[in-house]
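Each of the two complexes below includes chain A, the first together with chain B, the second together with chain C.
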Partner chain A sequence: MIRFIIRRLIGTIPTLFVVSLLIYSILQLAPGGPEQRFEQNPKITPAAIAAFKHRWGLDQPIPVQYCRWVGICNPDGEGLGVFISNSRLPNFLPGFLGGGDNGVLHGDLGYSSNTGSSVASLIGQRVLPTAILAGIALIVWVSLALLTGILAAVKPYGKLDTVITIFNYVGFSFPTFWLGLMLIVLFAANLRVLPAGGMWDARTVPIFGSPEYWKFFGGHPVNALVDLGRHLILPVITLVFVSVAGDSRFVRAAMIDSLHQDFVRTARAKGLAERKVVFRHAFRNALLPVLTNVALELPFLFGGAIATETIFSWPGMGLAYIQAVRTFDYPVLMGILIITALVVVLANLLADILYAVVDPRISYG
Partner chain B sequence: MTATEAARERRTGVGDVLLDVRDLRTHFEVMDGTVKAVDGVSFSLRQGGRLALVGESGCGKSVTALSIMRLIEVPPGKFAGGEILFEGRNLLKLNDREIRKVRGGEIAMIFQEPMTSLNPVMTVGDQISEAVLLHQPVNRKGAQEVALQSLVDVGVPDPKRRLKQYPFELSGGMRQRIMIAMALSCNPKLIIADEPTTALDVTIQRQILELIKNVQERTGTALLLITHDLGVVAETVDEVAVMYAGRVVETGTVEEVLLSPRHPYTRGLLESIPSQGKKGQRLSAIKGVVPNPFRMPKGCKFEPRCPYAWQAGADEEPPLFDLGPDRMSRCWLYDPRYADHLAEYEGRAPKKSAEVAS
Partner chain C sequence: MDSGATLEELEQRPDYDVQLESLNQWQLAWRRFKRHRMALLGSALFLFMVVVGLIGPFIIPYDDTKIGLPDAKFNAGRPPSIAHLFGDTGRLHRDVLTLVVNGTRLSLLIGVLASAISAIVGTFVGGIAGYFGGWLDTILMRIVDALLSLPLLFVILAFSQFLGEGHASWPTMVLIFGMFGWLGIARLVRAVMLSLREEDYVDAARAAGVSDVRIIFRHLVPNSLSPIIVATTLGVAGVIIGEAFVSFLGFGVDPATPTLGNILSGALEFISQGNWWWAFFPGAAIVLIVLGINFMGDGLRDALDPRAKV
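So, the complex of A and B:
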């Protein structure tokens, strides 16, 4: 098992390399660049723009830019010397062996071309809010999907199944942004019972993630949690409502499939009560495809439920991503995308491992 | 005790009636109409008795067995008529709790597909002891011991290790042994084996059949063996019920049915079995095909394929004529009005059919 995991982890390296090449190329294909945001500004001269582009290396050939981002090329080098580090050794080597210190290879995701702050620390700040929102939404929606999917599957085309199916189709067809805006209109603007957005009440609570925040959290944990919970309600409802349908249908299909297997008939022939037949026998087998499905959904949550975070100004990865797109912030975009790709790969690995845990037929020697 | 019952008892040497299926009708409502999968099945089985339900594939054998276990999904299934008396209780009238006590505890079933009939993500031990816990007053540990003993009883080598194994680690024959062990584990009064060897290798088939016969003899439980293979009937059971198109068309002891079939369908089946004595002879298959469930002939369901039929198109279906103790035939030949046809039928009896029974 350990060897399998190590083998798979090594296998992720070429995958991530190809993915990074692809997303880099796609970003380059899009018109504009980080300098775009100065174009409408009459105070900034073409010379200043050229200086900005030079400072950020945007005047270099695109392959060189990519290699600098990866860490194969030294941003201080000229001509063929770009491959050589300041210690006159190949730049891709680890820093302690005389390589460079720039690029993903050396753990450097670069700096935001918009704000100049480090991409790694920006992502670091955004991970926790996204994890909180996505984690809670995931738990709620997977539980709901399991419950409704199983109930629907036990009597397919029965009354309950019909009701659940209608709900699912409604949820499925609701655009996230519309649902989010309607919830804001109703609960924030009209009823004034919940905040319209953000993650904390700036009037009473310090900035989330700051040392002051944690001090406040330590002092008034109930207040802090209530405040966080109030801000979570609407985005969680939005995420759950639009996501539960797909998984509910998936669970239903897997359960119907499982309930028609021969071993379920054997379980009934033993004299087992129907509830135990459903959970102990059918569900445990339906769990396999459901687990895979959920594991593969994780990365979308990590990448931030972009629409939901944007509507509710939730300071997570999705919001950061949208802001980076608007400002042509290539380093931030690349950082978020490559880390999302890494999460996709890890989620696949997780799915494989869970499979082996649940299904004795699968073993990774 | 009536004279007929006394005669029967002498013949089979077993006790009171255990299972009495009377004119069972199990239908399925499907998109295109009603499939009358079982539409007139009658037979009875005594305590410790052995009866085979025989017939071509699709004639309703499995539906009959699943009806006895009440494992027919309702809907689309529907018990449209008849009764299934088990120790005098009509199983069709039991509520969910009561039927669950019967399932596994009093009637156990072995299925046709050993490869898929066991739960792939549960160990063999857990699957057997799950049944034991339901029907016997033991705790978890006790149940595992019962499970172990039942594996020993069915001759599974290395039974301790098997308890911890998963079905995928076992061969088809081994899985069927596990199914038999599971069926035995609660000391049922009746074991229903639905084509238990059909899915197995020929070499394994014989072993499994022997095993079923042995455990039946040892435990004295009654056996309802379902098969489409008349060849296995003679060596395994005492009585036979032949099914055609959802009906029982003939019943009797093995000798009676195999040596002097009283229904043209049974005779046709016997003539289509290859055997030593018929080497070099042409095997005669029954001509035609089984009727489409949506376009059943009105009268006798076998009439379109029957070489002895004389009243084509008659609308009335023949009843099960009583020909003696537990000897019945659903053929107009046994209507006293048609005695001359019966004489002709008996005159054409192929001499070779006797060989099958030997």
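So, the complex of A and C:
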């Protein structure tokens, strides 16, 4: 088992490498670069743009730029010396073994070409809001999918099943961002019961993530949580409503499958209560494919989070990404994309491991 | 069969023709599709939206470029009325119904064309990977796997911004969505190819000296058409939502051209003043189109399944 996990972990390295190469090339396929944000500015001369490009290393050939971004090449090197770090060892080695300190390999995601601050610290600030939103949405989403899926599967083609099915189809066809807009119109603009966006009430609560915020949180935990909760309601509904539909169908199919197995008939035959049969026996077996499916759907959660964060001005990674797209901030884009890909690849790995751990019929030698 | 009946008597029986009728794969599928209530409903919905998009502009009294006089009292737009059934937009006072009708046509066009490109590229890549196998397959599928581990909408957003800077023409959007939409279809076609290429009729064709290209595109692709059709149909819905999202964020088609997403994008500015109609109608159009396509795709999946009973 451990060997399987280690082998799979090593296997993710080439995948991530290919991913990084692909996103780098895709972003380069489009014309222009970070200097494009000066295009509309008449005060910036071609000479200033050339200086900007030189300072950021954008005048180098694209393979060299990529090589520096990954951390195989040393930006201080010349000719073939680019592969050698300042301490005269191969640059890709970790810092303590005499390698360089630049590039993703050394944990350096570069600097925002817009603000000049480090990409890693920017992502660090944005991870928590996204994790809170996505995490709570995930919990609500999975519980709702399980609940509706099981209820639908207990009496397939019954009344409840039909209602849930229709709901799922409609939910599945909703554009996330439109649902968000409609919720804002209803609950924020007309009924005025919930905030239209943001993560905290700026009138009473300090900026999220700042030391003052945590002091406030320590002093008035109930107020802080209520405030956060009020701001979470609409974004979570938006994210969940669309996502729950597909998974609910999936749970239903898995449960129907499971309810037809012999061991379920045995459980019924020995006189177990129907509730026990459904939840103890059938449900446990249906859970496995559902869990794997959820793990595989994480990229969609991220994608949905972009839309949701934009509409509700939720200060997470999605909003940071949109701002980076607006300002042609390539380093931030690359950073967020590669982190997202890492999360997805690890989630896939988790799904595989879950399979191997939970299902004794599968062996991974 | 009743042994006492003569041939003449048999011919008189009402089901005589039906018994002898031989149906090909597509006729059988059509028969199954016709019995799928949700699929018919979905097709009707979809066709309705197509008709709205196509002939709507000739019926509606307004031109989609027409703007109204500024009106300080209704700066956020006027609610629906007899003159403007869907209300009008803020600031420029364009008629929302006119925008929705024109946007529907363009969104549908982008969705259908982009999915068609995806289907062609996906079939080509998947067909080659699945048939030849080996290192070609490994490389192609590694790329597909890698791209599928990205939230593609992120990439599309960045790409359309860098390419069009928020003023892309709609064919550019077709190309962008076509370029990123083929991955799923390639995987699907490859899987089907892997099983089909072991079939006897492929061996027979090869023994007869048929070229690889001809085997792939004359024998294997037609036999894997059903999953491609289903995936492409559902893909149209995905592109329509995706394009609406990209345009909504201001990275897509030029704001002056109405697509369903562009109309929503304008609505965002005034949404906090409670003018629901500007955002409601274009979004509802998206939901109707996508719902129709999803029902239709589901019906197609059942109808094209050769194991299903007629």
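By our rule, the second predicted complex is superposed on the first by the 353 of 365 C-alpha atoms of A that agree within 3 Å, B and C clash if a C-alpha of one lies under 4 Å from a C-alpha of the other, contacts with A are read in each partner's own complex, and residues count from 1 in each chain.
As a working rule, a contact is a pair of C-beta atoms (placed from the backbone, for glycine too) under 8 Å apart; a residue touches a chain by one contact, two chains touch by 3 or more.
This is a predicted model, so every value here is computed, not measured.
Overlaying the two complexes via chain A leaves chain B and chain C side by side, clear of any clash.
Of the two partner chains placed around the shared chain by superposition, chain B is the only one that A:Asn285 touches, whereas chain C remains out of contact.
Among chain B and chain C, the chain that touches a larger number of residues in chain A is C.
Look at A:Lys270: by the touch rule set out above, it reaches chain B but stays clear of chain C. Measuring from the middle, so to speak, at the Cα centre of chain A, the directions to chain B and chain C differ by 70 degrees in steps of 10. Of the two partner chains placed by the overlay, only chain C lies in contact with A:Pro175; chain B stays clear of it. Of the two partner chains placed by the overlay, only chain C lies in contact with A:Leu27; chain B stays clear of it.
In the superposed pair of complexes, A:Asp262 makes contact with chain B only, with no contact to chain C. For the pair chain B and chain C, the least inter-chain C-alpha distance in the overlaid model is 10 Å.
Taken together, the two structures place no residue of chain A in contact with chain B in one case and with chain C in the other.
The touching residues of chain A, when paired with chain C in their complex, are 14-15, 18-19, 22-23, 26-27, 29-32, 36, 169-170, 172-178, 181-182, 184-186, 188-190, 196, 299-300, 302-303, 306-307, 310-311, 321-322, 325-326, 328, 333, 336-337, 340-341, 344-345, 348.
The residues of chain C lying in touch with chain A in their complex are 142-143, 145-147, 149-155, 157-159, 161-163, 165, 237, 241, 244-245, 248-249, 251, 264, 267-268, 271-276, 279-280, 283, 286-287, 290-291, 294-295.
Across the complex, chain A meets chain B through its residues 261-263, 265-274, 280-281, 284-285, 358-361. Interface of chain B with chain A (complex): residues 69, 71, 96, 100-105, 108-109, 111, 113, 116-122, 130-131, 134-135, 166, 168, 179, 182.
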